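Going in written order, the chains are labelled A, B, C and D, and every chain counts its residues from 1.
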Amino acid sequence: MPDFQPKIVAFVCNWCTYAGADLTGTSRMKYSPQVSIIRFPCTGRIDFMLLLKAFASGADGIIVSGCHPNDCHYSSGNFHARRRWIIFRGLLDFLGIDVSRVQFSWVSAAEGAKWAQLVNETSERIRELGPFTGYQRLRGLGVG
Amino acid sequence: MARIGVFICHCGENISATVDVKKVAAAAARIPGVAHSVEYKYMCSDPGQQLVKNAIREKNLTGVVVAACSPRMHEPTFRRACAEAGLNPFLCEMANIREHCSWVHEKGDATTEKAVDIVRTLVAKVKKNKALQPIQVPVTKVALVIGGGIAGIQSSLDIANAGHRVILVEREPSIGGHMSQLSETFPTLDCSQCILTPRMVEVAQHPNITLYSYAELESLDGFIGNFKARIRKKARSLDETLCTGCGLCMQKCPTRRIPSEFDAGLGLRPAIYVPFPQAVPNKPVIDREHCTYYRTGKCRLCEKICPTQAIRFDQPDEIVEVDVGAIVLATGFDIKHSDFFPEYGYGRYPDVIDGLQFERLASASGPTLGEMRRPSDGKVPETVVFIACAGSRDPAKGIEYCSKICCMYTAKHAMLYRHKVHGGKPYVFYMDVRAGGKMYEEFVRRAMEEEGVQYVRGRVSRVFERNGKLVVKGADTLLGARPIEIEADLVVLATAAVAQPGAEELAQKLHVSYDTHQFFAEAHPKLRPVETNTAGIFLAGACQAPKDIPESVAQASGAAAKVAALFSQAELVRDPLIAVVDRQAPPVYSSCVGCFLCQSACPYQAIEKEEIRGRDGQLIKTVAKVNPGLCQGCGTCVAFCRTKSIDIQGFSHEQVHAEVLALLNRGERDA
Amino acid sequence: MKTGFYPGCSMKGSAREYSESLLAVAGALGRTLPEVPDWNCCGATAAHNLDPDLALALPARILAAAENVGMEEVLVPCAACYSRLKVTRHELLEDEQLRQRISGLVEADYRGSTEVLNILEWLSRVPELEKHVKKPFQRKVACYYGCLLVRPAGIVKFDRPEDPQTMDLLMRKLGAEPIDWAFKTECCGAGFSVSRTDLVAKLSGHILEDAVSRGAEAMIVACPMCHLNLDMRRPNIEKRAGKKISIPVIYITQALGLAMGLPAKKLGLHRHKVAVKISAANAAAKDI
Amino acid sequence: MRSDPHVHAAGAALADLVLEKTGVDVARCYQCGKCSAGCPLAAEMDFPPSQIMHLLQLRDLPGFAEMALRSHTIWLCLTCEICYCRCPMELDIPKVMDALRHESLARGMVHPKAKDILAFHRAFLDSVRVTGRLFEMGQVVDYKLRSGHFLQDLLQAPWMFWVGKLHLLPERVRDRRALKRIFAKTRRVGEKRP
């Protein structure tokens, strides 16, 4: 599927990754435009059911990224997110959604280059995986 | 019906070079609910802002989306503009089409399309935004300083001199802390008590300072600006208003052989005592554990001798309750005592002592009146070995961190020893000499070059006694790790600086976080070093990490400045982007089921229990309640809540769901 | 509790009196000590110096043999053998892959149910030991633990590594006065007895001199290797020190036997290089 | 992968090999020198223990790690465990010494002065291989042959025999074949390589 343009949504925290993505811009580094960012105060705020909602609404891939361990602006929110992510993988598996459609990462406010790389790699991977076709089924399950 | 205005900025050419801003404006205009959509070269300029303000008034807008740079850049600018035009500032959002779009993608349809997506997302969000009012919290302009060492003294004086009332709580019978125990101080070798005691007196006499010595914090409730502290004043067993500090009782007390805490166990004190002659307040306490009367029911000699009849054997502890607006924690440090280093014989050989004991030996007010005599037999030591890093940098038996102050005080000790014992031979076993600080390196060089202190680079393996000498078995790694044995008369261990015992308990009382070594944690290691994660509680001195006197004093003044800044406001104003718990009309009252998972998740202890009662006072249910003074708006509770009863303003469920749907909904895009 | 006995090679040869006195004492205490069936050498220093697998395989065979006959613990009086068995047990139980590989090598499976016991642990468990004392050992003694009873502390988990007390407590129960001295856990030179006798003379010399200078009348040991170096190497030690050092070196089991009133001959005291001129009798009858 | 011909005969740095064999990461040593200070034989060693650790730390400098393998130290180490006991970083130095000995043997880098020590160990294991238990008499004879110290301790033997400490015949394990198989499977490093 050469001309498939995936739709990827990134849930990021305000303090590290959002600022890191700002730095990518300030440094004029280029990345694939298939990713759009939704800002949260902290990855600890992210209810992972929202990820299912995103899949049900037609996302092909999702990035969740916050502060590095021990750097959380709110001291421990990123750890909660990590724990949720570990459990959430099981649910994804159960629902038959390829776990590699979700990329969990830490990007700090100083890692503009890492953000660009993360987006490009994720886009590439999702492009290889092809469109997510299970959204109708997810809706059938009452998600979204 | 929503009437949203969308304002698209060219940012000169920063945006318009890769994004077709006209197309974006046209697309935005077609989004349901958008009543106004324009593009302009510099939206943040005065005319640009005017554009926004005019539109708000003329088009009667209910929300604004500025599609420009990052909200981290200009969100405050446009929110202020909105407020000036009469629109609640929290109904304004930024769509970041510069950092997240025009700067990172090539010119083309995909980039323009993404810019439209971003705008659509934020329009969907702003439709769900609610008008919010900034939070206003009153401030009680009284500071509580916990700990009366040099850091607590400095903080208290600075806050008091700024015109605010201070309550200073000290656990021991006198303020002064460890600094009062020191002989002379590096790198200037001025007498510690000479520079400290005037400050102590100033505290006692300052009209703005209330001193509770021999007292401890019992509990703390409340939040920034509005704390309620309960302080336990331990019974001194005398009426402080009557006691004149004449000291007769101390002279007559028959129980005299109690190891003095102040002299680090090297001197003795009676059962009724002040820790040292310059104590503030200069009023004794009765040590009930050792006092003959409390042990046997007989004696009462002090009572008979007291010229003012101040002794009160039946005095109970007293609890004082105070309202304070800010707290400075200045509880200091301790040194690692005990025989955790069996190979060095600490606690086994009387002539193996720690640094604090050496300070007392060297101090003119110490048990030897400043004469250098070793504890076991009072002999003047001819050879003294100082062992640095005795417990520091030692994950196996001690602590892994560097205690920071030992290199300097060990050089000072060796120097003081040479000043007192001419011809004495001081050796220092060290791993590294860390002398970063103004005039510090020069001080250590002086010890080596001018004072004849011999430095041996290596760690001591063992100390044992042989024929009345202490044999120190070390090696010099600069000489091929050659074994070196020194027969010493006195061995001084630079034992590690550790947190005060009870620091953990105190931190839990205050809801302040602490590190794995029980040192209190600062809010940010670089940029917020005197604040804790709990708003309104500040740190001063070695309770945060080992520190020397200048650093402690500097941080203490920093904490005082923070308190003064806080107290300069009549009310605290904060962004209302905080969590709220669902409340509804009866009979539901709230969808919260009272599981309090949110409470366990909250890093700020901002979640309280609220009892909902009927008119008859009957308890209907207990639900969570967010303390707006404490909540920092991280939203961790929101993700934890099983019934979606807690939500965060500015990033609510509704808002983020709307964003996701607007961004993605395949086939349901606005056609 | 079924307790087995692993004598080790030296107790059949150069440390014969250790074995004799142990068995005499055990008999008098009413204990039987069945030997681990068809036991082999633990490999000692040589094995772990030269071959990591052999160093584990030889002790593993011993442990497996003991486990096979249902011994819940094995008394290993030789401190060096004790160390090898204890370390092997620790390593095999830490690493399942290693355990399986070594089990394959020795063609026997050690599952870890058999514990390893040193002589001090075993003696400390005798209830009311002081009641068996007929002739209090009224002497100043230097309790010498050596290296391997207390180290590595994380593996042997016995007493404290600096200034241990178990042997001192035992000797106190026998009526002796243990001295506070500095070389309790210093190395005697261990396996260098033959190959580097010069070093043994130096290290063991330091130990003896410190004990003597503090007034000890006897050295108490719990290891054949320590005994060999402190006793049989005495001529080398004296030559190096340039003086006569006549303090006797006595196994803890011999000291106990003497205190229990067992005959010196039965305890193998005549087999020492340095004559044991003291008995457990009180000060009035010092010499045998 | 590193491919320094001087140090990394096996491809990786010696420090990596030590880590693999012993679990000890030499990089954690911060050179305090406490091991050398307490080592009973540090004065006899060419490189006291802390220096051995430092040689291993200089992983990429040609020739340095090899100096550890060629050192007298590794053969003088008595495994008395005092260094490990007192090491502030809890590094198992005796275990490192074991690993270095094995590697030194395998690469034929044994220090010339370690000849006697090695001869003694080999005689010891030979004795165990044959009988399953140590035959002290046999071992001593074997050692004398290997080391050439024929006269050493000659006067001890009659005394030992007299007090009953020396046996002329060895104690034997019954199942000597099992022992032989163990020895065959654990061919000692540096000896009889196929």
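Methods note: a residue touches a chain if its C-beta (ideal position, glycine included) is under 8 Å from a C-beta of that chain, and two chains touch if they have at least 3 such contacts.
Being a predicted model, the structure only gives us computed values, none of them experimental.
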item	value
For subunit A and subunit B, chains touching each	none
Highest C-beta pair count, chain pair	C-D
Between subunit D and subunit A, distance of the C-alpha-averaged centres to the nearest whole Å	55
Whole-Å gap separating subunit B and subunit D, where each centre is the average of the chain's CA atoms	53
Chain centre separation (subunit A, subunit C; CA means) in Å	65
Multi-chain contact residues (two or more partners), subunit D	82, 90
Contacts with 2+ other chains: residues of subunit C	161-162
For subunit A, residues contacting two or more additional chains	none
Every chain pair meeting the contact rule	A-B, B-C, B-D, C-D
Partner subunit D, residues of subunit B touching it in the complex	343, 389, 393-398, 431, 457-462, 473-477, 480-484
Residues of subunit D that touch subunit C when the two form their complex	21, 40-41, 44, 76, 78-82, 84-85, 90, 92, 94, 98-99, 101-102, 105, 116-117, 119-122, 124-125, 128, 132-134, 136, 140, 143, 147, 152-153, 156, 159-160, 163-167, 171, 173-175, 178-179, 181-183, 185-190
Sites on subunit B touched by subunit A in the complex	70-72, 96, 98-101, 103-106, 110-111, 113-114, 117-118, 121, 513, 533, 577, 601, 603, 632-636, 638-640, 648, 650-651, 653, 656-657, 659-661, 663-667
Touch list for subunit D against partner subunit B, complex	30-39, 42-43, 47-51, 82, 86-90
Subunit B - residues contacting subunit C, complex	342-343, 348, 464-467, 471
